[in-house]
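All chains are identified by letter, namely A, B, C and D, in their written order; residue positions are counted from 1 within each chain.
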């Protein structure tokens, strides 16, 4: 009996290097990797000569806004953007409404999203002051990990106290799941923001209102707590402070860090031309700091790439005052093309991208090698890319509900050709060609 | 013409060691140090055979409560306690009422206290959210430095935001004065306190409500800010976190640290017997941490000794609930005898005590060698002690207005015999024998 | 057309974990990995149910003594021991006679050994004072790397000077190959040895004559030089000094480290029972240091496992005086069983063993993924093991020419069942079943 | 009865600052420090208005060559140079002939030098391979400390082995005395020297033959040993490697370091104009390294200044080949004027110079506060200087036997006016005005 699908003649890319091989897929799993002539007959054969076969990208950082803020994005639109952009698994953030702060809300959200996902998805629980006793329940319900913010949250939750954070870290050390943290500390930024609001409206002031020290302060705070509590902390959308991260890792603290394409591509000066469209938290940084971040991507200080896909309505993003415009931009659809472009520019290797975009997020959150690997027995998730294809990103062609992005007009080289989730081709050349059959994916019980 | 005073035959103690010599005093200054036979004739001669002559103690950490809370203590009673206890200069904290947050209040406080001091005194300014522009004015008015609290303040001021703190540090780097900081972070302690209040009233819970992590978090926060801003930070009443202090010093950050006798003498277990009388912030620590603190006193990580003299009414200190009792205890009169006792017990050397209790505070705050030294030209401030005299401290014999102290009943060996301020013998064997002629002492303009 | 060989139903072990899969082998290469039903028909099928399939062990540290000292061992006997013991690639040390110090000797040695190897082999060049200009030639001739000794060499070469070593490191940075170093410094040990020789003959004195400081001194010397020269240094048979290695790695120095089974199994006390049979350099260490070494194996400070197979004649090993007995013991045949036993004892995981015994040596010396991996396209080298099989090691049953080992009588649990080199089963259950068809393996020219 | 001498109206300089005061001297000791009007009558009064009174310089690093090489220098000529140059105590190196390697030689040398010294002197013992058992005897005989060389010694002693060095450090930890080490490792330099000798004769090649790595290697070797043995190590004539010293100090190793005026004034380029006259070991360094050394002088990484006064005959210093010329130059007479010049140039403060040139050497070797301090009870040793006086150094005017120096023609600003040893004015304005009454000075028995 023939197997389902044969990916023939592509170049397989792993964190350790590249090699030519075919991949046999059956029942949604990888059943064989090998030379074409050794492969079994298949119902369908894709000839991938000239293309690179990457393990499907795991974007551990998206806000799909459902339920509660579906005018910004919904799960169908958001996951179609993911699929079109070459992402096969997303980790959905918990600051939807109601906030995912207990087991019940998490289970309801999971139920609600069933049937609305074009790619596989995991769900974060949210840590808010005093929901310590809910964490185990959310873990039991299948949370992939937790989110914590030292910054203000879209949704208006107060920043938890440091005392509570330390206690929650001790609890997490027992549960075993990773906490993803927005390290930029509101306790620093609020002061600058209030001062600046009174004196300027220019977009670059957003950067001044959230200076590097706000993120650095948070990073060292979390490092101290993680080091004493023994839990796993994943710093999201890191834009600076990499020396502190390196030092914390050297002491044995279980610290990992994500950055996003926007921090590698843009810098403070771009605020002048792009205005609030590029308003993100943390803000883009000065040119020399971007360079330092690139070094940290290559020396292993930064572990993962995520999109921080954070949609807002066009109206919310184009307020006259930089202070009134919403923070965040879409990115799940552009992440892979932009990163492939950076690979083509020599900023990092394709193998390192696979490590950061696929293997590492899966490992850090405990779903490797089910996700994040091209290994026999792994889910047949692939991002198959053409490293030579070029294109100009156009906001209006994106699949997100709200079509506004700082990458509008950005020329990319390197594009996903097929997005395959558990053996099914979900997207081809940017078009969705299957139904929303993404699954809620839970980490093993004792990670 | 004979000089005013000759201190004959004593053993002079300096941070570098001890030597027998006489000291000649004239016009309030040290005019000569030397062998008795080389000394000029004097109006008065004290024969100090068998006694040690220390540079007068500089207690950089007292709360004399005037104006505004004179039922707890006033300047006359507080400075008489200082004089009786062998302290020749005090640095008065700024959380009196009104709070010393600008130049005008500082000048008024200085004027008010004139004529009420038995020892020389310096005044701190207080850093509160948003008084950035007042700092230079307070410096001009003669502030010895500033006080900042990450903890709640007696007087009810909110903890400043970290953003403001960082900006204030940059301003302090320009002004040049040192900021004394209570590093224990309310953002950590408040969580524990609220939890514990609901479940226990036992005194030791005060220690649990303010765990070491609260102080450590603050220490590393201040170290990061100081290191980036370049200002001088003096951590007061340090009870733990000495590894973090050592690390910060090694990076070149301008960090110094004080501890107090109570952190060296008492530990958590003593809460059981002493109850709220020993309620202080930070709290006393576990026995093994006390041992670590002693090591830090000897290896130079801790730089100074201060009393944190913080009087409250007997009623305030003896509330039934540990949570309602006031934090803080008196100490300016017992500091020197207790520390001399620790010297006699071998905990530290007499030279190290002189360095920590006299030379270092004067240097850190820029009034050395006017204060803190036995050098020709220095103020003739001396604490002349008998290392063999013994006594049991009795609360009711102390000079403070409110006579309640955890040291009640503590047996000391080593007592001040004469306290001399600018050549005048203010106290002899614990009794005040002069009028209140202490002066408001300002640091040089450009420290 | 059927492929050559199918390894069916085994559990594949990689550094990242284990999974059930079959492996298809054709033309000496891995052509497919996958579920049994997806595999092509094969000439021969091995059913490996219940067995673990490991990438073939790469023993980067053996002395086969040919040419020049074939009474101790020769290539046929030595490589048959390797094959019988589950090792598929060996790196032969260059202190054979003539010493491999230039291109010509290396090529002659390679030619001589052709046809005498049961497993694939690589050849080291030797760094001796003043052969700087020969290094590039040896690299061109196919050297896998170089060997350097701070200790005395079997063969009597003087320890090179530090000046020369530093210059050779700079040259190696250009060439790109790794230098394997015996870090124990003769400049330290010689002093102790001469003193002790005069006063004692007891075996444990061998440990005293080569104290940890000798190895630590060498490790930090090499770290400084590597850090300034920028070359790759591999510390062989590391027995201590792991804190120094960790620190060197943290600074970015290209330092890796090997240890050997004997340092994990034996300690100083065993010298009393085993005598000169256990005389090795560096010597076995005190029990608490062995524990520290185990930690370093698990936390990644130690990168690889090698055997340091160093045969001597029984006569040489059994001299009455510990000082006259030769240093070194055989080990290539016992390494895998002993390490599997340590896995069964919980000392390290099987995945970690694969990483240390196979992947890491191949990576460090630039022949990965040809060797050291179970990947499509890699050489079909496998060590297939039965983790449950038990046996007592008997010296007289070993394949080495000289049958004397400290592991005589050691009870192992976990044994190689098949040793497969490039698709050919060379040994089965400890018996050689093929001819000597091992190949001289060179690293790519620009590693 | 009047005292012997009164130093009136000068500015006293200490490591902590400067103050105007008079100093009363009687019986060779300081008996009083104070205001002029409080001073006793004196036989002799020096009015020092406009001059600075420094504690006498303690030059812990001179080679006076007697006995054995008195054609280079002798004790009378060498100590007259010291006195003329403002040095009041010298530490004489032990590589005179016979080498000072045991108690007997040390005592004989002490006896021989009695009556030949214009300044007070201390004697080093020499550590050579295998004189471990002589160290305690030399300490008992009054050695101020020991000298160890990783470099070749004038006198031809072989470099001790590292094993012996480590054992000697353990012995020194018991004895308590400090070992002064020439850290530049012959095991590094010899290689370069032999290579370069064959290809060049140009003076700058001397610098290439002794690259920084030779000194850095030695520094980290000694740091490791000192850190494990617990003894006190003083690195002499440090020219580089200050980052390693800083790191070693941070770990608590008892490491201190000296540099010399020649390393602060000259750089590699000067070899071209000065040739072998500037041949010293370690060699002068590149300009940017000199800058780094200046920073280390100011941040406390370098603790002391010494002259490394190392005379050779003019003939020995002016060989045609740089390789045949002797290493070392005179300096005891020019050290103070050159350093005062650097103070006038703003390179360091006068207080820092006093700390490095007087207080620190005395403290490190255990003779403080007898030497190195202006304190009541200290020896009345003073270097009284005029910071405004200028002069051009002329080799032919120096007091050394062999008049050849790289400082010939160097313009100084700042000169000693009086050199006073135990109350006696030995030199005035560069001229010797007393007899050779210097004393052999021993450290206290249990330092």
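The criterion applied here is as follows: contacts are C-beta pairs under 8 Å (C-beta built on N, C-alpha and C of every residue); 3 or more make two chains touch, one makes a residue touch a chain.
Predicted model only: the values in this text are computed from it and were never measured.
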Contacts shared by chain A with chain C include exactly none
Which one of the chains is farthest from chain C, going by Cα centres?
-> B
Calculate how many whole Å lie between the centre of chain B and the centre of chain D, each centre taken as the average of the chain's C-alpha atoms.
-> 42
Geometric centre distance via CA averages, chain B-chain A, whole Å | 52
Chain-centre distance (mean CA atoms) for chain B and chain C, in whole Å, is 63
Each of the following residues of chain A touches two or more other chains, namely none
Report the topology of the inter-chain touch graph, choosing from line, ring, star, complete and other.
-> ring
Spell out all pairs of chains that touch, sorted by label.
-> A-B, A-C, B-D, C-D
Tell me, which parts of chain B touch chain A in their complex?
-> 161-164, 166-167, 185, 187-192, 213-214, 216-217, 220-221, 224-225, 228
Considering the complex alone, what residue numbers of chain B touch chain D?
-> 3, 12, 16-17, 19-21, 24, 26, 30-35, 37-40, 250, 368-369, 373, 375-377
